[in-house]
Amino acid sequence: MNWIIWLIPAFPLIGFLLNALVVRRERAAGILASVMVGLSFAATIAAMVVLEGAPSEAKRLTWTLWEWIRIADFRVAFGLLFDPLTAVMALLITGVGGLIHIYSIGYMHGDVRPVRFFAFMNLFVFAMLMLVMADNLLLLFLGWEGVGLCSFLLIGHYFDRRSVPPGINPSEAAVKAFVVNRVGDVAMLAALFAIFTNFGTLSFYDNPQLGISGYLDQAIVVAGEMVDLGAFGQLPLITGITLLMLVAVTGKSAQFPLYTWLPDAMAGPTPVSALIHAATMVTSGVYLIVRNHTLFDQPASAAPWVLVIGVMTAFIGATAAVAQLDIKRVLAYSTVSQLGYMVAAVGMGAYVAGMYHLLTHGLFKALLFLAAGSVIHGIGNYQDMRRMGGLRNALPTTFRLYFIGALALSGIFPFAGFWSKDEIIAHAWFDARSPLAAIMLILTSAVTAFYMGRQIGMVFFGRPRDQAIHGHESGVAMRWTMVTLAVGAVIGGLINLPGLHWLNSYLRPVLQEPEVIYTVGMGILATITTLLSAGAGYLGWKTYACDLEPRIRVGKEDPLFRYLGDLWRGMEIGWGLDWLYQRVFVRPYRAASVFLSDVVDREAIDQVLVDGTARGLVRLAHGLRALQNGYIRTYALMFLFGVILVVAFFALRG
Amino acid sequence: MNVAPLLSFMIWLPALGALVVLALPRERVAAQRIVSMSAALLALAAALGVVFFFDPARAGFQLVESIAWIPSWGISYTVSVDGISLWLVVLTAFLTPVALAASWGTVERQERTFHALVLLLASGLFGVFTAQDMLLFYVFFEFTLVPTALLIGIWGGAERRYAAIKFFAYTFTGSVFLLLGIIGLYLLHGQATGVYTFDIATILASLQLGTLQLDPAAERLMFGLFFIGFAVKTPIWPFHTWMTTAHAAAPSSGAIDIVGLLIKIGAYGLIRYTIQLFPATAAWAAPAISVLAVIGILYAAWIAYQQTDMKRLLAYASVSHLGLIVLGMFALNPQGIAGSVAHMVNSALTTGALFLVVGMLVARRGSRELKSYGGLWKSTPVLGSLTLILVLGSIGLPGLNGFVSEFAVLQGAWRSPGLGWRYALPALLGAVLAAVYLLHMYRMAFLGDAPPELAQAPDVRPRELALLVIMATPVVLFGLYPNLLFGPMQQSATQIAGGTLQYLASR
Amino acid sequence: MVPTSYYILLSALLFTLGVAGVLIRRNALVLFMSVELMLNSANLALVTFAMARQDIAGQMVVFFVIVVAAAEVAVGLALLVAIFRTKQTTDVDEIHSLKG
Amino acid sequence: MELVIFLITAVVAIAGAVAMLLSPNAIHSAIFLLINFVAISVLYVLLYAPFLFVIQLIVYAGAIIVLFLFVVMLLGAERAEDTRERFAWQRPLGVTLATILLSLIGYLALRNPLSRTAVADQHFAAPERIAEALFTTYLLPFEITAFLLLAAIVGVIVLHTAGGRELRTENQELRTKNQELRTKN
Amino acid sequence: MTEIVIPPIDWRVATQLSIVFGWASVLLIVALFIPRSRTRIVGYLAIVGTLVAAGAGIPLWGVNAETFSGMLRLDAYSLTLNWLFLSAAAITIVVSLDYLPRQGIERSEYYILVLFATGSMMLLAQGTDLIILFLGLEMLSIVLYVLTGFAYPRNASEEAGMKYLLIGAFAGGFVVFGIALLYGATGSMNLRVIGETLTRQTMTLEERTYMLAGSALVLVGFGYKVAMAPFHMWAPDVYEGAPTPIAGLLSVGSKAAGFAALLRFLVEALAGEWQIWAPVLAALAIATLAVGNIGALTQRNVKRMLAYSSIGHAGYILFGVIAAGAPGGIAGQRGIEGVLLYLMAYTFTNLGAFGVLIALEHRGEAAWDMSDLAGLWNRRPWLAVAMAVCMLSLAGVPPTGGFWGKFYVFTAAWLAGIGWITVIGVVIAAIAAFYYLRIVAQMFMAEPVRDTPPPMDHALRAGLVLATAGVLLLGFLPTPAIDLVQRVTLAAAGSVQP
């Protein structure tokens, strides 16, 4: 029954091909796409059932489709792998993905290019599934880049618009997403090269079908190897590889300092943001680290750096989210921040916790995005929160669902976010012995609650600020998908509830992580955290829904600007990394390109060296022709000159 | 096993077709098209026959045909294929009918001559890729200059005459050194063994058996002479300006041949001669050459971004690809060499097809300036999608052809003891830059809002669709099943790489 | 007895004078004369060597040289006359339209 | 005695050559050249070349110089050149190069390998010997000179009868056309 | 009165010479009986003469004999060259048949003079005595002076004739002086005897100095004939001014003859002094290459460009000449072969190129500006193709005859141990390709400036086909030509049997 696993990615691929080549009508496309993802979901369940039957020592299903690349000793299989880790991811992808597809049927109704949209959505699901199901790094990379491509395509869905709210050029944002991702991808490739060079394989585990051995089991073998960095001394090989992977993660999972593409990615349709830029694609970095955890478990690995990056990202993202005025941008920065949690978790070795948060976040962030989409959809495609206000009456269901999502995100007991986030914080405090990280994460949690409170206050409370906006509730398909997700957001914590540790045990074949022993200290920590969050959330709501509400107007500064000043500005532009990159990379790159093209290439190499040689010869030719002046006596003079030289040489040598 | 003079058939058929086409009356365009296309297709059939009879399990030259040409000089007409040349031959056979079909309706004057020149060029290229006699190789190598220069000069764009002459003079300058190298090797071999021959297989055997032992200085001199010739032809940075000029001026349908094939003969020569014949020196020179290659990758990619002329942009893209190709072969391991050859094929396919796209765009708008375009994906969705596949293939998206060869090349470079990550890592940055310039181009032309002139631009016509699909099919196919490409070249690449192993091991 | 060197020296001197004539004079006629002077001095050297070697060959060559010189002068003067008809000059500096 | 004759003749020959060189009048030049030729013919006698002595006088002094004089007078070109020099460097450079040449050949002359020995056979180049050589050993060159003279005669005839007025006018047109073309490009 | 006994003469040696000179003399008389309007008949008869002479050479293949007191030799070397001269002459006459009446300068003497010139060239190839070489040189010169000035009273033609004559006479003076010195040193003018004297090494230092100085001066004489720098300066002016077919003949026949004599002189007489003359010739070869090709670079006048190019080619042929003298085995042999093969390819190519120029020339109108060639492909495609083939051959692009010539001389030079010179050679070849290609570009890529060229005569067409076919045949199937030249040997100094 192992073959069943290739059905999982096959369905979305078929959906993509049919939608791309055959289907022409919106409804058919939407239904086809949803059905295909649904079938994929079903196949995942089936595969999980099959997986249960596998022996516990090697709890994985593999299926090699064909040998992908073979050059001498370099061999890579086009092979699929299905183990508990994959299963969890695939479930999230197909499950949440399926819901979002269904939601999109309603959301994308009347869109300019719905068929193309659904085709690309299916392609994305396929690519994402390839990412998590690959049995080797190269195939994983296929998915890795594939999701980047789909992200590019879907962000650029409105490619013919010059600007979508909030003032983003979709085609530019799409290119930016792809290019920034590429930076990470390149590091990933480098990691691949290093791994193959040192392990001689790219397979995670032994592939019996082709006789390729796996590298994850050999991690310990190369633990002591060093890479010569010349003037910079030496670097342990493992450090190098894991560092490169970390860079890859920062790109794909929108970590500091490469997160800048994610806020701009909000130029895509909202379901895209929900699926790709919240629930799935951006989590692939976390998956990558978890998959390669044996490398990160080595003493010399870059895991501490992972933690640092994660914590920084969590904090930076959260603070930036505070200052956003666009409903989706808040969520985008929030995603950055939450991804930071996950990365921090895997950075300190709490892989299950990371995965746990990945799953719950997938549920509630998807919910939030969809609800935000519902808001946007409901008020006629406005995204500026300053134009909203008081929408809880017009969009009651959406408001409730949004509120659930916000509570989950803020980590309020007993919503899903509470459990997963607190597990990370607890891990940081007790196991990783990193109180600084824990404090930062707690602080971030408070900030998270604050901006969610702020957002809810701004959007749903207060008075309607724009008379032109009349909200209406979304259709059935959209509403019920949101409800389904909301259920998940509420009870999602169950999957790894303290004491039950379902996820922990399910992932045990992959992650031999001890179950967390809960202590009183943990309870205290959780209580403090939750109280802090609740307080901050209330503060946010209070500030924006009541106290300062009259000051919120389009064209006016945000109320908090008065207190925070330039700091606010910094937060508003996502701590200015875009600004910095513009100056440090983009503009110099362009300027250098102009310089290289016009000065170096055209002038120096082509004009001076190449054509210059020709011109020099021409000048020489003119000189020569001047000598050829037409006067016989000059010719005779030259002649005599030659005679003297020849005779002198002959006579004097002889 | 020599079934029939399949290779000779393949080489000379296009030339014959060219003569027939020229003999046809000027007005009978349809007949000219039929004749030229059938010659090209027959050559393609012959090439496929070659593939059929080729035994991928063997390393050496296969399907050898040999006739004495100038016996007193040891010059013979010897043609054969090995794993390295096989796909380049097929590529030539594949692109020739495409180039011909692409010219239908776009070449306005002297169509007869155009067909004849394309066919002559095809003959020359077949000859280059199959000749296993150094002098025969040189004859074909130089012969390709003539039709190419004429193609550029007669049907090219604004600077066509300048470009044609520059192309000819520049690459000719390079190849005269090649001639010297050939003569020198011939004489050294003759003096050492008493056998005066230009046959590569014989010389190779002598080198491997040690009957011909070159002292390092002589070997480096030979290597240098061969290298200069091929480096200019390839072109390796900084010898690339002829190419960007020529490509900018080339006609779209002619350009596909030039991009696709002509520049590959330099790279092919680098493998066949500099590396295969002088492995020790190749290993000695590999770091220096690789530096040039890496510079070329980054430099060209960087410049490409700034180009407003789509053809120039693609020309720089080609230069960048060629840097990768050269880096791969000088990794001197099977991955690098096989990847390098595969990248020749892949880059020819994607870049060539993109040139076709540019031709189609020009047909719609009459301009090659990127600024004149925009939003085309809306009005021409099929063209936009197919172009996107080609662009992505060129960027090196996994699952498409560019990736596998790029990966193989870089993997080869990374693990090569002579190069290592110091070379591969900067080269890898080229992948970012490639995404930057190609997506920039795609964005400028196909995304964004459309100028009013393009709002009603017609989508692909059946002929265009057929051309693009034909070009895009291998792009996907090779991406998913690259062993089709790598399979036959396995043995040859391993064998060639084996030559350097001894040297590297001793270091 | 006059040493052979004297003759050769004289021949060299006359030869040089002939050469100088070609270089510094502009009248085509005088140029021809200078060439004749060169040939004559060469002849002198030949005859001298013939004498020194007691060999007739040198003198035979002189004989042929004289014939050649005569033929050359004849053709040269014919050309000169032809040019004079169109150009009305024998100044070689006046004929320099072909150049570059 | 011989030396005296040699010296006098040599001085005359040199003087004749120099005068020919420097004389602005072509007729004078021809006369001075004649003097030089005669002086050389005297030297031929000293060098036991009686036949060449005669030939020198007849062909050079008689025929060639007369031809020169005839042409000079026919054309009236005795003062064809003005004294202005077009290139300032031509004459000094010419003289310098000539001087170098002279020193080179002079150096050779002084390293003369053939010291003069006593003449064993004063008639080694008697006219009959020459005649014999001419028809035996030197038969081929002799025949060749015949064709050479024939060719020269044909040439001279050609150069004096070809063309006509028609070509002459064309000649003018040709020049203007070329001129136009050059300026156009 | 002693009786003069004419020594026995081996007429085989002089067969071709006798036919050419005899036929020329006969034609002089025949021409008197042919009306002016039918002058072309003389041309046809002259062609017949060359063909007969060429045919007469066939049975002589393999003969290696001397006659006329060792002054004239017939061997494979001279026979090959004779054929070359005869074919050059035939093609020249063929392309002149139409040109002369079109230009209004048709006279029967023209064809006869071409025959005389051919005969003189053959003398240069066959002569083994400095006297013969001198006479051949001078006769060739005198005939060519006349032919150059043949378009009299055209200014250019006259001027060219005068320049050629003055420089030629000047050069002649040096040659005679050189012969005098050589004679003084060795006591002989026979090349073989000189060579033997050298090999015996019984020379005193003074004699050797004399010998070398004399050789230098003789070398200068040949150098002038082959337009070797710096004795080349007459060439561009003379080529431009001469009637176009004569420019063609000058560039191939006269040059080939000069090389024939130079090669024989250096190999048979001076092989022992290779160490001395090789560097000098190498330097001169480089100078020649540079001057010729760089001078041609900016010429808009195609005829003049071809003149400069022909100077440049002399440089390449010199590579072969240098190699030919190299001591020890194969290099020398390859050098001789290279020179011959190069000359063959070059002869056909240049005659073809000049032939195309002839086809373009209207009466009284110079048609050799670049613009005259513009768009020729559209006006006269076959002319353009012929010219392109010739240009590519001159540039040395395979598969044309010119390529094999270059290939041969480079190989020879490499074998002779002067490989470094070939590096300069190839660089300059690349520069040269530039201006040859400019012509091709003009013909194929530019829009026409001038109107259609004059209608083509059958004879001219035949001549062009002949020349172009020769170039291509030599390119695709060089084997027969290579086999031919490989049978040619020149005995180095002292080793030949009388």
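Odds and ends about this structure:
As written, the chain order gives the labels A, B, C, D and E, with residue 1 at the start of each chain.
Everything below uses one rule, namely that a residue touches a chain if its C-beta (ideal position, glycine included) is under 8 Å from a C-beta of that chain, and two chains touch if they have at least 3 such contacts.
Fair warning: this is a prediction, and the values are worked out from it, not measured in the lab.
Minimum number of contact steps separating chain D from chain E: 1. Among the remaining chains, the Cα-based centre furthest from that of chain D is the centre of A.
A simple rule picks the central chain: find each chain's mean C-alpha point, then take the one closest to the mean of all protein C-alpha atoms, which gives B.
Chain pair with the highest count of contacting C-beta pairs: C-D.
Chain centres computed from CA atoms place A at the largest separation from chain C. In whole angstrom, the spacing between the mean C-alpha positions of chain A and chain B is 37. As a whole-number value, the distance joining the C-alpha centres of chain B and chain C reads 64 Å.
Our note on geometry: chain C versus chain D, Cα centroid distance of 3 Å, whole angstroms. Between the CA-based centres of chain A and chain E the separation comes to 77 Å, rounded to the whole angstrom.
Looking at chain C, one finds that residues 8, 11, 15, 18-19, 22-24, 26, 28, 31-32, 41, 43, 48-50, 52-53, 55, 60, 64, 68, 71-72, 75, 79-80, 82, 86, 92-93, 95-100 touch two or more other chains.
Among the residues of chain E, those in touch with two or more other chains are 131, 135, 138, 142, 145-146, 149, 152-153, 155, 162-163, 166, 170, 174, 177, 181, 184, 209, 213, 236-237, 431, 434. In chain A, the residues that touch at least two other chains are 614, 625, 628, 630-634, 636-637, 640-641, 643, 647, 651.
Across the whole structure, chains are in contact as follows: A-B, A-C, A-D, A-E, B-E, C-D, C-E, D-E. Only residues 392, 395-399, 403, 406-407, 410-411, 414-415, 419, 422-423, 426-427, 429-431, 433-434, 437-438, 440-441, 444-446, 478-479, 482-483, 486 of chain E touch chain B when the two sit together in their complex.
The touching residues of chain D, when paired with chain A in their complex, are 86-87, 90, 93-94, 97-98, 100-101, 104, 107-108. Partner chain C is touched in their complex by these residues of chain D: 2-3, 6, 10, 13-14, 17-18, 20-21, 26, 29-30, 33, 36-37, 40, 43-44, 46-49, 51-52, 55-56, 59-60, 63-64, 67-68, 71-72, 74-75, 77, 80-82, 86, 90-91, 94-95, 97-99, 101-102, 105-106, 108-110, 112, 114-117, 119-121, 124-125, 129-130, 133-134, 137-138, 141, 145, 148-149, 151-153, 155-156, 159-160, 168, 171.
Those residues of chain E that touch chain C in the complex are listed here as 130-131, 134-135, 138, 141-142, 145-146, 149, 152-153, 155-156, 158-163, 165-166, 168-170, 172-174, 176-177, 179-181, 183-184, 187-189, 236-238, 240-241, 299, 301, 304. In the complex of the two chains, the chain C residues touching chain D come out as 1-21, 23-30, 32-34, 36-37, 40-41, 43-44, 47-56, 59-60, 62-64, 66-75, 77-82, 84, 86, 89-91, 93.
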